[in-house]
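Could you have a look at this structure, given as structure tokens, before my questions?
Letters A, B, C, D, E and F mark the chains as written, and numbering starts fresh at 1 in each.
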Amino acid sequence: MHYPLSPDIQPEFCSNGTFMRLPCEDPDAKLAVIGLPFDTAASYRTGARFAPQAIRQSSMTLFPYHPVFGNYPFEETHAIDAGDVPVIPHNIGRSYALMEERIGNLMEKGIIPIGLGGDHSVTLAGLRAAAKHFGPLAMIHFDAHTDTWDTYYGEKYWHGSTFIRAYEEGLLQPSKVFQLGIRGTLNHPGDVEDSRRLGFHVITTSGLDTKGFGAVLQEMKTAIGDTPCFLTFDIDFVDPSCAPGTGTMEAGGFSSRETLKMVRALKGFHFVGFDLVEVLPQYDAGQITSLLAATLVHDFAGLAALRLKRDEPVFEKASTPE
Amino acid sequence: MHYPLSPDIQPEFCSNGTFMRLPCEDPDAKLAVIGLPFDTAASYRTGARFAPQAIRQSSMTLFPYHPVFGNYPFEETHAIDAGDVPVIPHNIGRSYALMEERIGNLMEKGIIPIGLGGDHSVTLAGLRAAAKHFGPLAMIHFDAHTDTWDTYYGEKYWHGSTFIRAYEEGLLQPSKVFQLGIRGTLNHPGDVEDSRRLGFHVITTSGLDTKGFGAVLQEMKTAIGDTPCFLTFDIDFVDPSCAPGTGTMEAGGFSSRETLKMVRALKGFHFVGFDLVEVLPQYDAGQITSLLAATLVHDFAGLAALRLKRDEPVFEKASTPE
Amino acid sequence: MHYPLSPDIQPEFCSNGTFMRLPCEDPDAKLAVIGLPFDTAASYRTGARFAPQAIRQSSMTLFPYHPVFGNYPFEETHAIDAGDVPVIPHNIGRSYALMEERIGNLMEKGIIPIGLGGDHSVTLAGLRAAAKHFGPLAMIHFDAHTDTWDTYYGEKYWHGSTFIRAYEEGLLQPSKVFQLGIRGTLNHPGDVEDSRRLGFHVITTSGLDTKGFGAVLQEMKTAIGDTPCFLTFDIDFVDPSCAPGTGTMEAGGFSSRETLKMVRALKGFHFVGFDLVEVLPQYDAGQITSLLAATLVHDFAGLAALRLKRDEPVFEKASTPE
Amino acid sequence: MHYPLSPDIQPEFCSNGTFMRLPCEDPDAKLAVIGLPFDTAASYRTGARFAPQAIRQSSMTLFPYHPVFGNYPFEETHAIDAGDVPVIPHNIGRSYALMEERIGNLMEKGIIPIGLGGDHSVTLAGLRAAAKHFGPLAMIHFDAHTDTWDTYYGEKYWHGSTFIRAYEEGLLQPSKVFQLGIRGTLNHPGDVEDSRRLGFHVITTSGLDTKGFGAVLQEMKTAIGDTPCFLTFDIDFVDPSCAPGTGTMEAGGFSSRETLKMVRALKGFHFVGFDLVEVLPQYDAGQITSLLAATLVHDFAGLAALRLKRDEPVFEKASTPE
Amino acid sequence: MHYPLSPDIQPEFCSNGTFMRLPCEDPDAKLAVIGLPFDTAASYRTGARFAPQAIRQSSMTLFPYHPVFGNYPFEETHAIDAGDVPVIPHNIGRSYALMEERIGNLMEKGIIPIGLGGDHSVTLAGLRAAAKHFGPLAMIHFDAHTDTWDTYYGEKYWHGSTFIRAYEEGLLQPSKVFQLGIRGTLNHPGDVEDSRRLGFHVITTSGLDTKGFGAVLQEMKTAIGDTPCFLTFDIDFVDPSCAPGTGTMEAGGFSSRETLKMVRALKGFHFVGFDLVEVLPQYDAGQITSLLAATLVHDFAGLAALRLKRDEPVFEKASTPE
Amino acid sequence: MHYPLSPDIQPEFCSNGTFMRLPCEDPDAKLAVIGLPFDTAASYRTGARFAPQAIRQSSMTLFPYHPVFGNYPFEETHAIDAGDVPVIPHNIGRSYALMEERIGNLMEKGIIPIGLGGDHSVTLAGLRAAAKHFGPLAMIHFDAHTDTWDTYYGEKYWHGSTFIRAYEEGLLQPSKVFQLGIRGTLNHPGDVEDSRRLGFHVITTSGLDTKGFGAVLQEMKTAIGDTPCFLTFDIDFVDPSCAPGTGTMEAGGFSSRETLKMVRALKGFHFVGFDLVEVLPQYDAGQITSLLAATLVHDFAGLAALRLKRDEPVFEKASTPE
């Protein structure tokens, strides 16, 4: 039996360095946590390369049972911690290739990856790998920013262009992409409009507030259905008071409680990959950001486990694209 | 006149080391703040032994009048700061005995104690003292955890078993025990169910959210009535963004504002003791946790003073047990 | 073209030391950010003298377009950063004179000042300058405290007496003064009642919560109308979890999201001056307080720009006083 | 027996808020620690008002016996903690008067004060009190700065003018004044030369390094002899690596070990007062600055106790002035 | 080839959670790093339970070659990271037993342990294991304190009594025990004299300074010779400026540079065990304490590897005791 | 008169964002501080992009006169703050080009640059610019590392290969290159030997300690003479206790006092450029690292000003290369 070691066997402060002390290998694994410590694509604060370590350390106080989902996500999925991809801070292209390859390898084996970023650029590698396996994807994207800016400092690949690149590469089904929580000042209105022009659904923080998450959820269910879906979560979706340890904070986000309630409502989607990005431990206070991140990873695992239990042929090569 | 010294007499940054600069003795005292700096029973982060100092320091900016209750809790009760119990970090049993004795001494004199923990194990000492004086108690318990686990690392006495031990020792009237705010991952569903099996009312954070505190309050009033009641408050009840300085944070709790509203609604209960536990100043950010803790202590004093004013024979030896 | 430099021209981490990298001069300027680094009037924690620097540094990640107002506040107003007033920490009177003079100079040129405090005493200088130009003012005041205490330590000028002094000097139209967010323990009930006795409207945090901001806004619109109005924002209005970097925290305030929603609803008032006070960077966590402060300054600029666009003769010497 | 409570009686983390848990009164007291939390005279960083609390807290781990002097300084002198002088942050003059009065009261009773600053302006109050009792004083002054600048921001009383003011007031015997450890950049060479022109001995850090402390000590013994002497220690004498928690750091000072060796060599002087200034806890790291400060206070007590033992009529009204 | 992974294979920030990314097992291992996260025996600050994690994390920037010794300590010894002993924070006795057993198991296999504490109580477990294998031991002990106090709070087992207990249990050859770096205030002179009375050599910081380490080294060589020797290093030996992250700091220790020079001079001793204790990451600044600790562990490994190379029958059951 | 503004004109906490409040332009400028906020070439911790801001902020407490050199470096040289080069974090090549161009522009005008890094890769840009103007250079290099590793993660341009690249590009006269302070663990002995094989002089920390700096200085004078010389200073040369805010700390360096003494002895060299690299403000403690960095910049300015005063034709196109 390999679910996270009970504290009766090993106290929580005896880390072995893996997420929730998961094993590194399991022949039956269907879920894997994998570190993506790449942060060179950040535009302002850097340091997300230390996030995988910090999130793993904060995961030590999590327990195996998910009380909202009523399941044991890690045990049921024979989850593993697949370690960190050895990215190259000085070379974005080579790093993408390495991340895509490792994530792809997991998918080949029928393993759902939960990537621990890294800045938000790492999601492009995840989407490439997933689209290769499942075809163009639906996507649920929590973030204060759309990350659909074209270039910055004249560079095409950086953490603010991830989703325009993904769009250009045909990795996404635009009408099945939802960007939730967008807020903050802009260069010009086009920053958000461009995203809508791509066909993405952009729901601002204030839009979410007004509409209510329930209504948005219904829209997502209708639009996405059972399409293979990627969930990417930028920790700056939540308010800086709940996640000070991040790179480009925007005041005025949702609280942790509100956020967890939204994530836990995402039952039933056909998630084929997850990531949690933009945690910067150096700017954290009392480790609240990395604890929230670890909790979200537990939730993602719970969502994956719920779905897998339904005995559906989840990993069949891709539903029909749009 | 002995209520907390006005800043006109002594600036707030001139601490004399007591809570709100209370005197250490008063023959008419009916309320006492008492430090319980024991933290050896913690399972993960330690350091609550420094909490009494930190909470006292943060209390320096509090003023004597409680605007919600409309009273002067410390003046009206001739409140004192009874100092710290000289606990023994290397010996749980002896520390319990010392805390029980000192708290009991206060109760003998008709003084309501507000204990400043320490980890949550200190509440067992408080309950023992109170039950000896008042018989089996009602209890209102704010916490992210039920603390009714049996053993941990094979040990019976630690900060997660406080209330199963209290149950076994007959210190509580189970049907008059309410645990509010429970949340977070579990070893297995039994972690919460066990608590219910003891007869305790367990209201999770999400239950509180759904039902509303008003409804829960009504249930508590009905069940508890005028039974002598202990209020124990684990600071991890609130969200880590509001209380990063604690030992076993759980993401997704209530905010400080929501929390204070609940506590301030608890008028009319027959409180015979209070404590505020699990503040860890080393992990705090900007002293927000200890300020919140000090504010809660002020509220507890307000609740006590309100009740005492009603001239009821509060300290008569115990209402009829269940 | 002088609005804040695009990150495509200069990365955000290349500060030139001004707010959002604004120029220091512009002949057409109608808006100015000005540092008021005076903090000697604080009663407890000090250090707000470093706030202007910290807020400017946090402003580096803000962008020119305000998505809620739909305008470019800094570009439209030819906004400048007028630097810091060289206050004298050892002399309150001389510092007031210097601040009043510099703010007055801006007003002479038809420039709306946004002051970056400093402790809350600096607002007296701003009100003096504004009342000289516009006559007795309306005021919207966000704060946990009324700051209408008379003396403290026997001194008349300190950060808790700003508004009683302003009242005595005839700078305000009392029935057009709204103090929002008052909460926390008091010396005695008079602390708040005194403010009401002056004729000010005092809305506590819990009052705001009960009534809803919409109702309060309506009252303000009715009472204030188009009277020249000063907006002063003490960062301790928000909860310590969102603004730990301040001097006299009060637990239980509104969140950043709730706060921004209120401020952004203040469209249409005839604002002739703003300030943002009581940020203490040394106590901040992850720079969340100074980022929130910078965001509020952006909002103030947005409100000013909206109003200026309506082509009204805003800076005509004072509407008729009450 | 009243020397600091043994940890066997009360654990070190059970602070009662006094220095080393000293009593607040003792009829036979010959030594007193007294807080001087005044910091309005600082020119750059502020916050020394919190130093007395912080130094007291750090004193909790000190033990009664001084191994270098071989004495029990606090027991032998019946030392007390006289609390904090209730200074007025908004009024320098009134604060000086209060401090002078309280220190003077101690001296009247034959008690040697050890002042815990506060910024370096507090020393003027100490010198005034001491000179009134003992006539013009010798002084040993550890500091990175001479503090003999005339005015600053046009103000005469601030933490950089303390010793020129003391000189002007005739409180010092200039040829018996030694300023040790001066270093750092200057406005112009006169900053140091002015001090020499007053007749003070100025020994720079590099001078101390070259000459050796032994030689300087000999000079001091020769010059000062048995003249009543004040020892004032600005914590910025030591290198910022050993004392980051201070207001105007200068790189390149001595280490803690080197510093303690110097202070412990000062046996035999006729010390009539001490102070330790410019600790700013908010800027400290791991409490190393306040621990060093507390250790120096222990050393000062040791020096005082050594001298008192020699049964000399220490407090006779003043030796012959120069 | 299993020495620490080159950064060319895996960037330094890709931790796998072990010391220098060592493997967890190797049939030829002769050296092991082992975590001893027990800190319940601390008397003041706690939190050393998190030290093994922190030291491992700081070890990521260390490289395999030791330039002073000219060897590859980890490669040459086939070093492993044996993980953490699952200690029980609430039970000192059971924790000792577990640590002794695990360390003993390593010794059975001919593996030299380098323990990562934990507070200084863990050394008793190490000495018990080592003495069982090698008979009464020599010991070189770096520390600010002798840790030969009898009881504290009435308890026999705590971090200040380790070496009197070891003496009583006959684990040491007293004349071959050297305690280096003792300093700081004492309860009474006996605190140090007691240690000498046991027959230990006590060299204070100031003694080391005066004599020079060379002379002390010579004494140690003469006294200890080839006796199996345990090296225990309490990080508070160094000055708080170099190691703020510890439990009971004493101002005035040696610098890191001076310290490393001493440790690197200990070539030739017959070390059979090492430990590094009293690192408290929560109090660290910039991770300088854990980096110094990791560097010392590298040095210990270097000393062990040097000695092992000499092909001596190091692990033969014990040289003749005294 | 344009030397740094006196605090009598503007308090030190009124930053205008430039180093010591220097002007941004002066037609007679011979010295310029210039920010090089590039940190993508770092291998471990990142964040040096925020160093120029932090060093400028810490420079606020420096004064114009250098007491050791007896000059006014900034006034005498009409020094300016040339702002930050707008580097591109996602593109090393383009960033080098931009930095080289801007530094070259300064040199064209006869201005000596003092670069504020950034990671150590920025020095390659400085050397390229300088060698273009002055031919192959002498170099004095303070650092814990030689930075002559070839590739890392397979990349040629990173902060550890700066000097092998400079060598290959013929920017240096190898026999006139001195690397001082090298220490720490290595991948293999070649890490240092390779540097010597290039012809560089490598003096380790322990070599410096043994030989004494005086002897090394003599060697440098003999070897370098009047050759145009670049001084590059990696802040990790000093011990982590004095400079915790850096990227790849090595325990056991020199103290700040020892370091400043060395730098101040470098009078007479023909310095044509300086830089100060690898300050990471996020990891700093109490701003001691950035204060030390600012102090070193003041020293560099002092060295430059001393030399310029000698009226030598300093900027004539290059002495004869080796």
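Going forward, contacts are C-beta pairs under 8 Å (C-beta built on N, C-alpha and C of every residue); 3 or more make two chains touch, one makes a residue touch a chain.
These figures come from a predicted structure and were not determined experimentally.
Once subunit B is left out of the assembly, the remaining chains are all still joined by touching in one piece.
With B-C and B-E as the two chain pairs, more C-beta contacts join B-C. With chains reduced to the mean position of their C-alpha atoms, the one farthest from subunit F is B.
The two copies, subunit A and subunit B, are related by a rotation of 120°, based on C-alpha atoms and rounded to the nearest 5. Comparing the CA-atom centres of all chains against that of subunit E, the greatest distance is found for C.
Copies subunit C and subunit F of the same chain sequence form an interface built mainly from equivalent positions, shared numbers / all numbers used being over half. Rounded to a whole number, the gap between the C-alpha centres of subunit D and subunit F is 39 angstrom. Averaged C-alpha coordinates give centres for subunit B and subunit D that are 42 Å from one another.
Subunit E has residues 11, 13, 43, 49-50, 88-89, 152-154, 239, 241, 244, 255, 283, 285-286 in contact with two or more other chains. Taken pairwise by the contact criterion, the protein chains fit none of the simple patterns, being neither a path, a ring, a star nor fully connected.
All chain pairs in contact, by the document's touch criterion: A-B, A-C, A-E, A-F, B-C, B-D, B-E, C-D, C-F, D-E, D-F, E-F. Contact residues on subunit A toward subunit C in their complex (touch as defined above): 43-44, 151-154, 183-189, 191-192, 204-206, 209, 239-241, 244-245, 248-255, 283-286. Per the touch definition, subunit F reaches subunit C in the complex via residues 9-11, 13-18, 35, 37, 49-50, 52-53, 56-57, 83-89. On subunit E, the positions that touch subunit F within their shared complex are 6-8, 11-13, 60-68, 70, 72, 239, 241-242, 244, 255-257, 259-261, 285-288, 291-292, 295, 298. Per the touch definition, subunit B reaches subunit E in the complex via residues 39-43, 45-47, 49, 88-92, 94, 152-155, 157-158, 282-283.
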